[in-house]
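In what follows, a single structure is set out as structure tokens and then discussed.
Order of writing sets the labels: A, B, C and D. Residues in every chain begin at 1.
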């Protein structure tokens, strides 16, 4: 049966009619093949306008409808609804955008009218080939997986759980809290981070809806929005937290010693070590990577920790196991790494013990840190302290072109702490731009300057030793003079970098990375926590550098995005998906290699490509890749597109 | 060598973010080595500072634009005054300054004229002494009292106040320098002496309300004499009020175009912009036009901060010359002002630029008096 | 592990030795059938799938003619699982095509035992038939010349003259005859397990002469290749260059049918989707004044080029099939060389290498502005 | 217990919060005091650093709001009273009279064409640089696309007569214009409230030395947005009085980080706004000499520093030093500043000066705070419950902050903040609603 097409041209008040001769377009449309009727009206989207269409469908037996009006984004759902009411499949509608693509951007009436005719002709040519489609929904597993037990992960998990859904919080390490656990005080409010963090961790641990999996790693993710299947590899808790009294005998007995990364390398620890105080339970944990017994079954003459433990709390024989989780949404909160200052050798980190990073400073300043909160190097109080900004940020030589967003305030806070503890200390900060942009930040910057912190504009070029002093050399760009400032403590304001394992996380979940190497959000302005993968969201510094407050806001934002499918219990899936003509499919797999959403697989049995319509976004990349056009996207088939082109030529 | 740390603390220089808004706004910085921002920075660097060869410190007109524009509340002008103070303390007082300072101590005025000549300006006017009892004390200012070019101003004020039937008197021979410029020259010891002495005299005379002819005097009384115990106004404020109340009525017309130079001590530093303009606009026939750079955006005439007596390092064209040119651009025939320093610098500039026939510099007092 | 040694030729019958080898493979059940060129009537030599060892008497894998790229046939025989081991006697270009097809899931290599042969080149089928008629035994001539890598007197196809790969790039069993005294013995290399099955005990390592001959051959061929590519580029330079090149194209699709890589079950150009309606044609004619026909010849060729350029192994079957002798080999090799260089991809080099279209490497994105990470 | 939320403010923060809450299946009342939602973002031309067209990315969201079955849009309305009712709220919303029946108005624009004041009223949407009629839509993509009579300008409203006949009424074929409309009070019940009332641009006239309001070629960054916008008064051409500027100066920190204005804080967006404008200026006028005066360039967000690198590479000159004064010399403006890096005062001539104005609390912020029982932080924006840990919660249970009402933010930070507020709201609604099925409340009309 030949299609019977109705064409409806909208004036959009004067928006279209002022520039396009709608009468002429109607006249033209009537003469196009398969067009049964063509009408124009002031407002097609209005009730009477829609009435014209529904009446014609009934009276004239239209099979397809073309509406020439605004962008389909605006009113496609309106008109789909209208024709559905009249008994047509809603997908038998084609829109010609003669407003945004024509009347709004052209001035010449004759040319605009000609273009409107072309657009209508093209839409009519396509319309005849449109096929009915069905809208589909799939159910949602009402649970979420949060990857990463740092601040972002904790907050996101809490929101999900508080909304009444199961949250699985998977943390790679032995304790919760992430980077925040290492920090001393907040800026600009100068509160103890551990107080804030302990509170949060406690509510996580107490929450009936949250399942915390520490020492665990996501191994594999299958499925799609609403229906993910996740394999998590769990390392066993080799120390029984119920028995461990944190007496420390085990650590004393352990022959392995390594730098303590929690203290940013300022101290060393053993393969069995106490968890940081912010984690709720005072207990010891075993570092599987470091423990020679776990790794290679070697510990002479036998695992001593096991032997010395008075409570028999240690069991090194436990095996790793894999757990399968079913979740509806995934929040990635894997955090960021700190910049390795060895990338800036001229600053002398690793050469001079009194050149430390801002993270090391945090540990020094922490009462639970290696010095019990005394900011001292080799037991000596610093009298001259220099802070160096932008170490590993805004720097082509390190490859990190971006600003790390927090270092200016971290340095300001640390400078304040120095002044607080040692009012006589001479504190200088070298900077190029002071970026104190957050709420209360500029005010804090004002405050520390008034406390006597001297800001000197100029990046530091070199740090070297002269006698028993460290010399910091820079140009004072406000005086245009090179300067040398002596110091007995130099603090490098190190930036945030993407974690080295970002690629693995990305490929695990099918995410992409942005130019700076962090995980990419789906739109930098309006979709800052969504990703290209439906049902997977980003929280915190895995997406880019952030301070605590921005991290928390973003974590809650990610929770908000994840809550939509969980609350609804159903997700709508794309109707116009791709489909395979099995007669033509040679099973070469070019399309599957191109598909960004993992929607295509090669069936071993039939040796043809199979489409998973839930994953398919209808983007058409497969169609472009297939040499024989055996895979096509509904509503964008070659027939439809070629017809459109032919109508224009 | 100067103790920069002390200065940093004294003047709160740590608030500075080195944005340069002070130097950019400084009216003399383009022609002088004076750079308030760099001065502050040298203090902050704390590597010591030598006053020797820092002649440009004397270029500051203390117009205070630097401090008023500062987004962080730093008053660079106060630092400059402080540095001048250290300079003076070191005893190396610039020669041109010695005479005015000594005269102020001895004769109560920096013009090196006898104390007993202070009332010559009021010859024949029969102005009573405020000690005899008066509602308002009129403070004349050394410049107005001694300099014949500006002596007509206080006379005009006397006339106007009488027309408005205001009960007023002066301190007569008891009046001496207010100390405003002395303070700004850095001679804080002399300033403090003058302040205390004046306050004693004011108390003895029982002064409750004061009107000044110079904005500089008004500013120092209002903002720097701690615990003065009397209210002070500039004459433009008083006149504007008297006119508004109908107590002063003008009978003559002045068919001319008038523009107005905002004195820094009246405008920028004390926010008095509208009253002088109100006075001028109330005079029949006057067509008032503002210069492009007026009110908050006005430019210093370069008369303040002791610049009346000093040459400093910049002998280039005075700022007043620019102001005269800008006044001419407006088509004005009269360049009004309300400050003796402005009057003098602008008058000199009119002569120096050869515009005696095109533009007349007048104090608002003169204009108002002529229109009575 | 492979074993390498000499396979003795009895009484100078080199061809017989190869037949023996194939027969042993069949009899020892190393393979269930052999795909091998077999002499037919009229001197023609065409591939045949031989199951019965006695039918190997007419097999002639040395005959310098290739009517068909057998990779395509193997796809037909094995795709989706043959359930039997097929021994395939193949030249270099056939093996490379086979590797490419395997990447596109068009052949199941698990079922194939590749018996690779040295190749000095082949003649166009009509040339071969004519020459064979005149000179009777081209195989003997070829073998004689092969000792020094000499092909004088053989009018090789352009593709072969441009071919730098004279030895099988990968094979389970490979048979070498170039640069050695092939009347005495053949150079055989085979997978260890096959060798054991055959009780093939390697005796002697090959002579250095073979290496020198092969190197010389490679150099000559590369020079010829570059000359052909240059000529193609000169011919097609400027506006309308390609249109001139394809002026005689009938869009008969013979090239496509002969191509070992072109694997689509149905070419898009042969579907209704791509059909031009009379209305379309007349409108185009109206717009252009005169519409060169067939309309889409150039589009057809360009599409094929687009689809095949990365995987083209240069066997030249397309050109051989062209009724109008359009020099297609030079085009494919010229364009292929460029594209393959961009992606550092060589078709047929290794099974593990994924065709460029199937893989995104970050470095490739640098050009479009993604910073390095 | 109603499973509804009230969102006050229909800018991008309010839009995003409303969408997220509604997407989770709850009912949302979105109250906007202007005739259309869209807020400040709708006035922007491009967004940094991606240079996406602002309208192109915002309009779809606005349309989503209008089409969302769970969002009830109350435009041209203000919340005037909020009372706590157990753990939920009863809010009274004043629907201001549009003098247009929005159920009838087709948005055709015939009324505005007919209006006697057509082309005579300064257009606030175009930051005063264009002219409109007394009956208007703020911008063509307005949602809802319904006309509104400006009651402060319409002659009929202000004086009771408009010529012999009301021309707009005659022109309206839909018979939508109704001058008898009165304000209407309605009551809505909600279990949570999201305050998203946004910010105001700093009034540049408060920095008199910069000559805004004195020189017509000193404009604000918001005005530059409109000039640069293809739908703006100059159709996207950078023109002042019909002339293309050859020398353009950008002034940073106007009304931010400045004691003299009382705004001590950094406004967070101006550096990038200016970088974007400098780029657009260079793009549209290749030969233009573009100078940016700054003290610290705060290009801190994702891709920002890279963008700052890019505009410098495009030839935009950054001069360190705040601008001290702007005055005229001949037909050029002179921008005076110290170049603090060479330690010399400079005069830079310019045909156009663009002031990078900061973000300040709206005057209504305090009103909203009063209604909801919220507190201001020292900068005048609304205070969150904890500056680090609880950025969207407030001291009042069930009331959340979204976007710039809490402090200056750029678009992504605003969106993240709004989504965070939505998360808090959803959690509350889920916890309070024993039965998670939608129990929507309806608007209850109090007066007509």
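FYI, a residue touches a chain if its C-beta (ideal position, glycine included) is under 8 Å from a C-beta of that chain, and two chains touch if they have at least 3 such contacts.
Here the structure is a predicted model, which means the values were calculated and not measured.
More C-beta pairs touch across one of A-B and B-D than the other; that pair is B-D.
Inter-chain centre distance (subunit A to subunit B, centres taken as mean C-alpha positions): 63 Å. Remark: subunit B and subunit D have CA centroids separated by 45 Å (rounded to whole angstrom). Between the Cα centres of subunit A and subunit D there is a gap of 27 Å. Distance from the subunit C centre to the subunit D centre is 68 Å, each centre being the mean of its Cα atoms.
Multi-chain contact residues of subunit A (touching two or more other chains) are listed as 401, 434, 446, 478-479, 515-516.
Each of residues 17-18, 38, 72 in subunit B touches at least two other chains.
Of all possible chain pairs, those that touch are A-B, A-C, A-D, B-D. Residue ranges on subunit D touching subunit B, taken from their complex, read 208-209, 211, 214, 253, 257-260, 295-296, 320-325, 327-328, 336-340, 343-347. Remark: subunit D residues 12, 16, 20, 23-26, 47, 49-50, 52, 57-61, 63, 67, 106-110, 113, 140, 173, 257, 264-266, 268, 296-306, 309, 340-343, 377-379, 381, 387-392, 406-407, 411-413, 415-424, 426-427, 430-431, 436 touch subunit A in the complex. Those residues of subunit B whose C-beta lies close enough to touch subunit A in the complex are 12, 14-18, 38, 41-42, 44-46, 72. Remark: subunit A residues 399, 401, 498, 513, 515-517, 583-590, 593-594, 602, 607, 625, 627-630, 637-639, 642, 646, 649 touch subunit C in the complex.
Contact residues on subunit B toward subunit D in their complex (touch as defined above): 17-26, 29-30, 35, 37-38, 65, 68-73, 292-293, 295-297.
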